[in-house]
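Think of it as A, B, C, D and E in the order they're written, each chain with its own count starting at 1.
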Amino acid sequence: MSDAILALDNVSKTFGRADNPVYAARSVSFGLHAGRTLALVGESGSGKTTAARLIMREYTPDEGQLLFRGTPLGKANAKALKAYRASVQMVFQDPFAALNPTHTIRYHLERPLRLHQPKLNSKERTAAIEELLTRVKLDPALLMPKYPHELSGGQRQRISIARALAVNPQVIVADEPTSMLDVSVRLGVLNLLNDMKAQLGLALLYITHDIATARYVAEDIMVMYAGQIVEWGDTESVLTNPQHPYTRLLLSAVPDPDRRFSDTRFSEELNRIEFIRRQSALPQPETREVTKNHFIRPMPE
Amino acid sequence: MTDPVLSIRNLNIDYIGAEKDFHAVKDVSFDIAPGEFFGLAGESGCGKSTIAFAVSRLHRPPALIRKGSQILVGGRDVLSLTDDELRRFRWREVAMVFQSAMNSLNPVLTIETQFYDVLKAHTRISRAEARTRAAELLKLVDISPDRLSSYPHQCSGGMRQRIVIAICLALNPKLLIMDEPTTALDVVVQREILQRIDVLRKELGFSVLFITHDLGLMVQVSDRIGIMLEGELVEVNDAQTIYRTPQHAYTKRLWASMPKLHGEQIREGAQS
Amino acid sequence: QNVLTLSSEQTTTFVRNFNPFGQTSARYTTLDFMYEPLVVFNRLKGNEPNFRLAESYELADDLKSITFVLRDGLKWSDGEALTADDVVFTYDYIKKFPALDFISVSAQLASVEKVDDRTVKFTLNEPNSLIANTIVGMPIVPEHIWADIADPVTFANENPVGSGPMTEITRFTPQVYEQCRNPNYWDAENLKVDCLRMPQLADNPQVLAALADGTLDWATSFIPDIDNTFVAKDPEHHKYWFTPSSLVSFQVSQITPDENNRKAFTDVNFRRALSMLIDRQTIVDIAGYGYPLVNEDPASLGELYKAFANPEVETQFGRYGKFDLDAAVALLDENGYVDADGDGFRDNPDGTPIAIDIMVPNGWTDWIDAVQISIESLTEAGLNVKMSTPEAAVWTQNLIDGTYSMTLNALASAANPYFPYIRSFNPGDFGKSRFTAPHWENAEVMTLLDQYTQSKDPAEQKSLMDQVQLIVAEAMPIIPVYNSPSFYEYNTSRFTGWADAENPKYSPVVSNANPARLLQLLDLDPVAQ
Amino acid sequence: MTFLLRRLAFYLAAFLAAATVNFFLPRLMPGDPIQIMFASAGSELSLENLNALKLTFGFIDAPLGEQYLRYLQSVFTGDLGRSIKYFPLPVTELLGRALVWTLGLVGIATLLSFCLGTFLGVMAAWRRGTIFDSIVSLTAIFSSSVPAVVVSLIMLFVFGYQLGWFPNGYAADPLLDPGFNWTYISSVLHHGTLPMLTMVIVLTGGFAVTMRNNMINLLGEDYIVMGRAKGVADSRVMLWYAARNALLPTVSSLAIALGTVLGGSLVTEVVFNYPGLGNTLYQAIIARDYPVIQGQLLIMTAAMLIANFVVDLSYVLLDPRLKKA
Amino acid sequence: MTLFRQLLSNKKAMVGITILLIVILVAIFAPFLTEYSPVKRVGRPHQAPSWEHWLGTTRLGHDVFARLVYGARVSLAVGFGAGLAITLIGTVLGIIAGYKGGVVDEVINFFTNMVLVVPNLPLLLVLAAFIGQASPLVIAVILGLTSWAWGVRVTRSETLSIRQRDYVKSAEMLGEPSWRIMAFEIFPNLISIVGINFIGSVIFAVITEATLEFLGLGDPNTVSWGIMLYNAQNASALSVGAWWDLLAPCFALAVLGLGLALINFAIDEIANPRLRTGGMLNRWTRMVRIGEGKL
């Protein structure tokens, strides 16, 4: 993973009191590469958002470290931290909450420019804002003076993306960016993310519980369970040939109009969930490579 | 074909505004047959919940069911019920699971009391009998009867969801309305719950009005589906038919924007 | 058994405390009614003595000692004999516990000795012809009770043993108490009232309510618009009679810290002008509801000490005591107090500004009204005047130190004009008492007052007092405004024998500052029901 | 349990802090208490006598630190000194006498107005938008915005002076012996009516507005809709589904409202000359009866703390979510 | 700005604002409304209302109407001055406590809770008494210094919830300095809470000032509604039947209080759409009555 822009190296994070710990991340390692999207899927509470927050430095890891361009960020100086800030941006789940209802769209895009490109004069700044809006396929003249509540969900999410782009980041972390959007606009936002990734060579971490969209946008996928990454690798490979029992369970639970509901196979799978829960608490064996670029952390027997 | 459990005709619902009214439901008509699993899909804000509320007449001002609308449940005209009849009608005929189960249990009453409330409102039953009945119902949804003395906050989300379903079944209703019952849950739990509903439906023979915006799920579980767009019901048909050969342009667009888990990936979907 | 209901004290709750030395904490019916004075001097009759426990007193010719003789057969209410020993004990006692000496009499006494069982001799430090007035203010307590009290200051004396007419507490609650006949009272045949009842009344409106509905027989309370609010309710029985008492006057500090103000205040013409700018009648009518008595006497004695007045004062200086805006303005102009710097206010003759701050204690509303009324005319005459209302404590301290510019001050009435004069002008009291607030010194006045106490001859006394008055009136260190009234309301439906304007036999005010109330009590007769 | 322990610790700290402020307050202010006392009494005490008196009243000339420690010691042993004005009555007893009246007045008035206000608020929210709602909200807004002084003065004017239905002051006829007999009790009731009414008027509006708003906020909650959908009787939904939950924030603000209640009762007591704590404080302030003022502030603070604690307790009882945590 | 525009379209707010405006105008144009000086005797004591003295005269013979209109100045000045101070302190501390968290929060929160449990009016009373001759300015200052706790509490709890919003997070991620986040990201979202706090504080200040003055702790030189009450009470206005002396300031206070409370209620409705009733309910009721539909 030498060419990873950003990497988590064996990071662990535990919440709660000693008598009742919540392992939100257990020895999590992965890297984000320029021009590639990595999807992180898993059940709710499995630690996906924790991983994102670790990257955003909202949480400090209990163990392990965050590597930025190969150097650990733990003891980085202020300048390096600022550079890191400018390089890693986030797109939030709730498009309404992500924008301050009291500020115009213009303000939302102006602030990052002022902070990260202080040399721009006001004309240049306006030009930059217009460019950003055009890039996310919105009409600058129409939108700049508007307030968030005057926009649709899809438009708002595009503004969030534009704001993230305003600082010229190399990495974008998107935590369930489309789960609050209507089906019909969801795809537009996903396509936009894909375009940005391709055009700007961004590294994208796409967090979701909707595996179908993960398949749609991501080259690589990781399945997380109880704070652990249990299976990861090439998206097609993982989805067509799931190895870990949890991945299988997850896949069979995903609603799929092509499969009839009364499929009894799921009930059998369900019976395994207790087993999985129990097993996941035990010490974990080493990872195993299934095929090229497809790994699992097998369940202890 | 037997008489439908639910029959909606020309349903018009407005939200009265200070100056202008908002037509939330426009001239909607559809039927649900006994034992049928009927899905109602559409974007957020298209009026799905408004219809669901109207069936049990749960609306509060400024909602207004316009005259000329008709809602028949088991042949009875719901819109002409008196207050007392209405009270007895609710839950006995139509029970409802709300958008988020997390919040549909009263936080300050024990689970037992919430069962008891229903049973006492509709039947003559002693506290002890109610408890036995509640325990039975909980068993149906795989929850230990110990939970009866717990408060909602002491149960996990999935558990609460199942408890609500158990409460719904308390009076053997003819129709169960589920308004996006699983949005807050992850796919595994969601699947588990729907599967259980499906089994119970077959066992007990009630019909289901299932509201969601997850189209994949809808096709998977429903017998028939209605697609709504801005207050209008644009297409109603058999689940598989609507999935494989959609008629309305909007339905087509919906399918087109749905990424698939298996097989051929959709190409450049519709742009908003 | 008849009961007289009275209100001499306004409070929200009664505490069972009958310690006669506890000036602020004892029930107001303790003095006089429980502990009878040796003598009651009648101020309305030129200080005529009414002998009570004492049957006579004798002032030595050198005025350096005084001897009181007690009546024969006096008894305490518990039956023990009341003798000279008790008197001596009392004076020893207040020497031992100075906190008890609420009238500061010890300091004036060299010794107190028993002559025989009924005779006590007080030896004085300085000759003083008026010492009897002071001595009778100290209650005499029974030795057999008080000798054993460890801490008499905090002693509540809940079951008093006294010498007065009403010593037995028959009922005591925080809301009401009753005080009945002393079974061993020496003057029992004159006492027709069996019991006193004191209901707890918290303020003037409550007293008024009780008076108006006829519950109260005897009260001392300010009552607004009394003819309408009280008398009109039962004109036949509801009566009142207000007598002049303490003097309220404007005073300016001769040692005020502000140098420019001091220049004006030390000028007698300025003080005279101030005096002529005070609209006394309006103040009395409005701030005082017409109850006080205007005092226009430049020597500040007024109606209260009418008997002592020197007519010369009126002829020579009388005009300075009367409100006359034009004359005041002329006097100011004439003496160079004109607006020099054009700010609209008069300045000193040398051009320095005068800015007067009239200080009144916070919450003393009638005074505040009086000052506000005065400010109107003072301002009209072009003086820069405003009012401030600090805490009473701050005010007191400023008056004691002389660090104020102008103020209203009050001086309690006394039996003899000697007392107001000595209290106001004695340099020995400067910095100790608020009554010397003007800090005005005059050696001649002090000498004359000194001679006054050392003279026994009425003619000589009169001439001395006349001289003092003339000096004071000429200098006008104090600008008199009015004498406040002593409030006295009564109801004749149950008792008769009240003093009133037609029969001003003594001051009938029931407040604890008036020992003559004892005389009134003894004169009352129940109306046959 | 930890929740309550934490609160308890806080209350202790708060009490200590209040006691400290209480100690320093009069010492930082101008004027000598004894001087003031006798200034208003108009007596002429010599300086020496004054000093002797000061000692008996417990004004010790020790260093501040020592004074402070002694003060704290006496506070925690429940000794608040003796009143100067009502000497030698211990402050605790004086306040005890007043407390009875205030507890009666404030307690009943608060209870009454809380119940009435809450009930009106619940009904108004339930009948949202009806004339009943408009009347209740408007009256509530009005009554909660009018100063207690104004209400009490107007009550006094109308019912005390104009109509003469009620006495103008005090808690009972002073000529009656206190006791458990009808004459006395009826006199107490007669005297208490106006102050009580005043306080109820002043307080009810606030409770009603709070409750109404809380209710309305809750009415959209799923569990209330579900309550209705279940066919449970309307009254039960209103009371046990809506009001019961809406009560929680109201209860937590009740403790703070108590401060307002105490303030309101102070004014009311002064206007009606009711012999409660507020009036006692007022009289003490006028007479500069320092021991009483200090004791009073302390007692009022302690009362607030206790009330807060009771509210905390009842909150825990009312909200099952707090029980385990 | 939108808040203001919304206020203008709210009926309750309009009535409230109108009342407030009238009081403000009366205060500003006091000298034009009356020929009398509020501090000069212009009539006999306690004259009943007449053509010459619209609201009668006081015990001292001052014109009640003149004192009332001039007194509005003091009530408004103290109300708004103290209200501003209370709100300012409350808001700043509340935002800091809520946003910074940790020790800062603990400390602020402790003091807030402490101030909250000390009964306010009695404390003010004692303070005013100790300070003595409390002028309106002094009253405003002590009000400001002792009454901010409630504001801190509500602002803090609201800040706590806003702090969790994603837009605050994204501002942090962009590297905005924390003062800017508090001032520009959080504060604008608190406007309605601050508004309610402000108007509430103004009501409180107006009431408390009047109360303190009524209890005799004010400066008698002041011409204010509280002092008017005090003077009237002292002149036993009620027992001598001079009701106008006492009732005039009473009604003035009640009306100002009502105006402010209406504004407050309206802000509440605007901030919380659920509370809004507005015209729609009337329309709804009408439509149900004519049988256009039902629930």
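The rule is simple: a contact is a pair of C-beta atoms (placed from the backbone, for glycine too) under 8 Å apart; a residue touches a chain by one contact, two chains touch by 3 or more.
This is a predicted model, so every value here is computed, not measured.
Peer 1: Can you list every chain in contact with both subunit A and subunit E?
Peer 2: Correct list: B.
Peer 1: Applying the document's contact definition, name the chain pair with more C-beta pairs in contact, C-E or A-B.
Peer 2: By the number of C-beta pairs in contact, the winner is A-B.
Peer 1: Which chain's C-alpha centroid is most distant from that of subunit A?
Peer 2: C
Peer 1: So, what's the distance in Å between the C-alpha centres of subunit D and subunit B?
Peer 2: Distance between chain centres: 51 Å.
Peer 1: What whole-number Å value describes the gap between the mean CA coordinates of subunit C and subunit D?
Peer 2: Centre-to-centre distance between subunit C and subunit D: 41 Å.
Peer 1: In whole angstrom, what separates the CA-based centres of subunit D and subunit E?
Peer 2: Those two chain centres are 22 Å apart.
Peer 1: Between subunit B and subunit E, what is the separation of their C-alpha centroids in Å?
Peer 2: 49
Peer 1: What positions in subunit D touch 2 or more of the other chains?
Peer 2: Touching at least two other chains: 30, 128-129, 219, 286, 288.
Peer 1: By the touch rule stated above, which residues of subunit A touch at least two different other chains?
Peer 2: Correct list: empty.
Peer 1: By residue number and range, which residues of subunit C touch two or more other chains?
Peer 2: Subunit C, residues with two or more chain partners: 205, 363, 391, 394.
Peer 1: Throw together a list of every chain pair that touches.
Peer 2: A-B, A-E, B-D, B-E, C-D, C-E, D-E
Peer 1: Can you list the residues on subunit D that touch subunit E in the complex?
Peer 2: Residues 10-11, 13-14, 17-18, 21, 25-26, 28-30, 128-130, 133, 137, 141-142, 144-150, 153-154, 156-157, 160-161, 209, 213, 216-217, 219-220, 255-256, 258-260, 262-264, 266-267, 270, 278, 281-282, 285-286, 288, 293, 296-297, 300-301, 303-305, 308.
Peer 1: Which positions of subunit B touch subunit D when the two form their complex?
Peer 2: Subunit B residues touching subunit D: 53, 56, 58, 60-61, 87-92, 95-96, 98-100, 103-110, 117-118, 121-122, 151, 153-154, 164, 167.
Peer 1: Going by the contact rule set out above, which residues of subunit E touch subunit A in the complex?
Peer 2: Residue positions touching the partner: 165-167, 169-171, 173-176, 184-185, 188-189, 191.
Peer 1: Going by the contact rule at the top, pick out the subunit E residues touching subunit B in the complex.
Peer 2: 278-281, 283-285, 287-288, 291-295
Peer 1: Quick one: in the complex, what on subunit B touches subunit E?
Peer 2: 12, 14, 16-19, 57, 59-67, 69, 79
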